[in-house]
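Sharing a structure with you now.
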Amino acid sequence: MQVDRRLGWIAGAALFAGCAIAAPWLDGFTMSLLTLVFLFAWFGQASNLAMGFTGQLSLGHALFAGLGGYAVVIITTRYGLSPWFGLLIGMPIAAAAGAAIGWLAFRFGVRDVYFALLAIAVAEMMRVIFSNWNFVGGTGGIFLPALSPTNEPLRTLRGGALFYYAAALFLATAGTALLAWLRGARIGYLWRALRDDEAAARALGVRAPLHKILACAISAAMTALGGALYAHLNGVIFPDSMMGMALSIQIIIGPILGGLGTVFGPLVGALVVVPLGEISGTLGQSLGISGMNSIGYGLALILLIGLLPGGLWPAIVAGVQSLWRRR
Amino acid sequence: MSAPLLQLLGISRRFGGVAALDGLDLDLPQGGITALVGPNGAGKTTCFSIIAGALSPTSGQVKFAGETITGLPPESVCRRGIARTFQVVRPMRDLSVLENAMIGAFGWTRHVATARLAAADALAMVGLTAKANAAVGHLTLPDRKMLELARALSTRPRLLLLDEVMAGLRPTEADAVVAVLRRLAAGGLTILLVEHVMRIVMQAATRVVVLHHGALIADGTPAQVVQDPRVIESYLGASPTDPP
Amino acid sequence: MLLSWLNILAGGVLIGIVYALIGSGLTIMFGVMRVVNFAHGEMVVAGMYMGYFAHSLLGLPAPLAAIIAAVVMFAFGYLLQRLLVEKFMARPQHIQFILFIGIALVITGLHLAIFGPDAHAVDGPITFATISLGPLSLDLVRVQAAGGAAVLILSLVLFLRLAPLGQAMRAAADNRTGSLVIGLNVPRICALASGIGAACAGAAGALISPVFDTEPYLGLEFTLIAFVTVIVGGLGSLAGALVGGVLIGLAEASAALAIDPQLKTAFSYGLLLLVLLLRPRGLFGADAG
Amino acid sequence: MISHNAGRRAILAAGAASLALPAIGRAQSAPVKVGVLLPTSGILAYSGQVAARGIQLGAALGRGAGGPAIEIVNYDTQSKPDTGRLGVESLVRDGCSVLIGAWDSAATISAAQACEAAKVPIVVNIASAPQITEQGFTQLFRNFTPAGVLIRAAVQRIKEATDSRSPRPATAVVLYANDTFGNAILGALDKIWAQLEVPIKILDRIGYDEKARDLSVEVAKARATGADILLPITRVNDAISIVREMVKQKWNPQAIMSPGSPGPYEKSFTDALGKYADDYMVSVPWYDPRNPTTRALVARFERENPGQRFELNAGFSCEAVQIVLDALIRARSADPAAIHAALRTTNIADHPMYGGPIQFDAKGQNNNIGCVLLQDRDGAPLVVGPAEVAMGEVRYPLVPFDKR
């Protein structure tokens, strides 16, 4: 426990500070890759909160990313209002959607695999509805206009590679700090108690419905914020790319590989998973076998979870601990 | 004595066609240790679950401190002052011993530091202070049972429901638990315990309530109850004079 | 109008029976192994490739190809369980999820690498043939697929009811620790279940290869269809898979006809949602007390 | 090999020019790196790989003609939207001074943003979302028709082909894939149908889920409208399903005319449907079958890629390489800014795809791309319009399916 936390703080602080200081020297590719790493670390923290802290396996997080992304894009392109206002609308909408799913699940006793499928069902329904809804551009999506030369990134929440890098780094840092804080806070204890044994926790006075719904809502709002940045980063938003199963799966792979329920797992997971996708792509490309990327990525996933039962972060902690003892 | 702390009024509970509880009436005054005994399947655990809100009765009412609490969810029941332990211990594996004990305290405080102090107190009460920072996976069975008790205590209950908290313990260990319970009762806590081992019941309880087929068949001091012919017939077997 | 309704509903039922076969595989694996196979759709696609090549290289009709696919996929499922999945049986659900996502990615990648990205369509007269059944005019390939699927489901039911091995599987499904105690070889039974699950997926794939064109990236869709089918019917129940499959086929067909074809998948998810909320364990699922 | 008759053609001209320009002559300096972003794996892999073959052909033609030395550096976008940006950064890091890509509109927009920041020009080979050239990108050049332009030309072709027919069609029904592409096409179709005053009434527009594997209901609904012609907006798989359903449901409209969508010209379509593929019409940008250089190029492609058909994905990809080669010759440098300036003044009169000279307007759009009417005949697409490139006559009405 203690090593875990101390190592985490040292490694986390070093990583975030290092990435912030190194920014001017990074080449465009590394910066773009790290931008995705940090963005998915944030997504990972959001799902870690629902999945790792509260034990709700959600396979529909793309829904919240989509809601956040659409809110911001629609507010700015259709109404010409500030993207901050879009966030102000999108995050509560996503939180409400998350809370509604959490409430339904609680009210009707939907758990485990069934909860995962409930989340998929809601997300897929919304994807189909968005695909057929002209107001949100249907499957045609919404394209963001090019930036004006006098663009102020903090006003438009759009900018060049450096802006997105900084924003993603900020989110990853904030997300990790938030989870570290929540883990030691009253609500964090209550969430983990609910995850480990809901009946026992309730018998100890933990208000299960309230806290589970709250976890869903916070997780959804966090994902919506990430979705807004993701939409801006891509410059375009489609129901398929922002609300589809593919994104939902991509969001949860990182935290699971990294170590669910730990504060630094999602960060470590994203640091491995995002470059892994890129490396396997390059591998397929260089071998000239077009399915190789998928084979390589899949095998790597199987190997990693096979060899590291608790995830990457706990394995790192255990490694450092054994080194410590040997000295 | 004033109005009873806990009142069960005509509680029935059916599972399918079987009545686990059949019109049970029970008053529990403030203070003292009451043992709920009876053969397997007599409805003891069902009775606990109904009081604690984990089950709803098919009919009847539960009143606690004058308020009807029938049908309230377990967390609300707990927040009104009824804590329970489970027959099979259910520690939260990801939390340390101290953290396990803190959960109950969050029902009455929002401050982590306060909860930590309360948990430490509860652990001290059951003698687990030395193991406060251990992982629960490393605890022995008696320690886990004590943790279960400490967790319940940290909710600051007025009524404590203990479901076979001494099952599986060696006699010396059980005696230590009895001592703890007596100390708690002396501090004003009302305890209702389900127990199989008659030796402990006789030792710990100030009052014994006997259930059989979901109905109350005897109620009195331990000495009275062991002499009751219906109890002897249904539960204690043919030789009442033998010390159990 | 009424006739076209009838035709379309009949088409929905036919495809629903194939969904039921796909769902049966998933439900058996879950019932016995308590593992959710997120690579199920990819196994269906593997069967589709076998169906396609059995037709184009050997000229075999889909029901024969289905037998080949069932045998090959049984071996695949059996070995997969013994060599890989077995080691993950005691791991938490989210770990198993990643395992199967990994397996799905490998299968998809292999399909793409070996067969290329092109859609493989079974050609020839059979893909255009219809048969008349009273007032109904049904696609031959669909009737053939549904017939094959129905025979396979029926044999599966008989196997589970009558064969000692099948009974052992049901026992293991009902009570895992209990069957360990009474001396059943649980790892072997799990491998059998995994084999049967994969065989159902493969056979279903071969059966529908003349109906849908085969491409590498269909897996996720079939996985989702299998989930909807099985959850609606009740995870772990064969009868549930059958009813679920037919219901989904019917719901999609009638939603497409009466409301809007684009929304038909939304309808099957709507049905799923409704069932999850009203009967969380599915129409035929055991109630979790 | 290209015949010497084609010596005046652009590619050879390019070769000649390069010999006169030692600065980038192939023996003199390192080859210029050209980055190519395509979805060669993932859900769009089929089209991505066809386009990749077109790129290879373009590069081989350039080499054969002694054009400037280039090295193609590939990047697989894996059909994911967020890899466009990453791909550009990766290719730029590898030293590419000009890019080609990215087939789908999402990756193209994502890539264009990174190109804008890196100041590296990108030639869009394929991507039809009209918005791509409307976002104000300065580094982007698109040699493909945006949906609106494509549909204007496509509707023109449909109008020409139906104008003097008897029986004269009075009604039509649209069946469209409800995806990004299908929606863009449908939106444009309605507008242009009215603008061009086509005397055919569109009775209904029936959309289907792009992922639908079963179109029996959709076809039955379309059939029930009793329309004279069917206007399908499809991808290839759904186009196959639609024809199969039409055969089964014994629906023989006067014509099937697809306004600018993939499907009927692809090999998998004609292979899967055999004789039932015939008479299906589609109006799309296509290579100029009367141009001998192009014919040689098509023959070479089909010889080098057995079992593949040279269609528009390959054609526009090949042409994108030609555009880059042409710009490199005129830029006399591997500097992205110089190449950008050269791309601005592109003017290629002779090129494989039917249409006017390749030129880019201020937004980076080539507005001179033509559109032909294809009709499947004996298992292969035949150009049947407009008259200046037609290789055969329109067969109208279609031969009923049960009489084939």
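As written, the chains take the letters A, B, C and D, and residue 1 is the first residue of each chain.
Heads up, the rule we're going with is that a residue touches a chain if its C-beta (ideal position, glycine included) is under 8 Å from a C-beta of that chain, and two chains touch if they have at least 3 such contacts.
Quick caveat, the model's predicted, so the values are computed rather than measured.
**Q** Would you kindly count the fewest steps from subunit B to subunit D, each step being a jump to a chain that touches the current one?
**A** Between subunit B and subunit D, the shortest chain-hopping route counts 2.
**Q** Going by the contact rule set out at the top, which chains touch both subunit A and subunit D?
**A** C
**Q** In terms of CA centroid distance, which chain is the most far removed from subunit B?
**A** Between subunit B and the rest, the longest centre separation is with D.
**Q** Using CA atoms only, can you tell me which chain is the most central one in this structure?
**A** Closest to the centre of all protein C-alpha atoms: chain A.
**Q** Would you say A-C or A-B is joined by more C-beta pairs in contact?
**A** A-C
**Q** Compute the distance, rounded to whole Å, between the mean C-alpha positions of subunit A and subunit B.
**A** 43
**Q** From the mean C-alpha coordinate of subunit A to that of subunit C, what's the distance rounded to whole Å?
**A** Computed value for the inter-centroid distance: 32 Å.
**Q** Report the inter-chain centroid distance for subunit B and subunit C in whole angstrom, where each centroid is the mean of the CA atoms.
**A** About 49 Å, centre to centre.
**Q** Averaging only over C-alpha atoms, locate the centres of subunit C and subunit D and give their separation in whole Å.
**A** Whole-Å distance between the two chain centres: 38.
**Q** Using the touch rule from the top of the page, what residues of subunit A touch 2 or more other chains?
**A** 128, 131-132, 246, 290-291, 293-294 - these are the residues of subunit A that touch more than one other chain.
**Q** Check each residue of subunit C and list the ones that touch at least two other chains.
**A** Answer for subunit C, listing residues that touch two or more other chains: 112, 116-117, 216, 260, 262, 265.
**Q** Judged by the touch rule stated earlier, which pairs of chains are there in contact?
**A** A-B, A-C, A-D, C-D
**Q** Can you check the complex and tell me which residues of subunit C touch subunit D?
**A** Going by the criterion above, the answer is residues 1, 4, 7-8, 11, 15, 112, 116-124, 127-130, 137, 139, 211-213, 215-218, 221, 253, 256-257, 260-262, 264-265.
**Q** Using the touch definition up top, name the residues of subunit D that touch subunit A in the complex.
**A** 40-41, 45, 49, 74-76, 78, 80-86, 89-90, 92-93, 105-106, 109-110, 112-114, 116-118, 129, 131-132, 134-137, 178-180, 182-184, 187, 207, 209-210
**Q** Per the contact definition, I'd like the list of subunit A residues that touch subunit C in the complex.
**A** Result: residues 51, 57, 104, 108-110, 112-114, 116-118, 120-122, 124-125, 128-129, 131-132, 245-246, 249, 252-253, 256-257, 260, 289-302, 305-306, 309 of subunit A touch subunit C.
**Q** Considering only the defined contacts, which subunit A positions touch subunit D in the complex?
**A** Residues in contact with subunit D: 27-29, 31-33, 36, 128, 131-132, 138-141, 143-146, 160-161, 230, 233-236, 238, 240-241, 246, 277-278, 281, 284-285, 290-291, 293-294.
**Q** List the residues on subunit C that touch subunit A in their complex, please.
**A** Interface residues on subunit C, with respect to subunit A: 36, 84, 87-88, 91, 93-95, 97-99, 101-106, 108-114, 116-117, 216, 220, 224, 227-228, 231, 235, 260, 262-263, 265-266, 269-270, 272-273, 276-278, 280-281.
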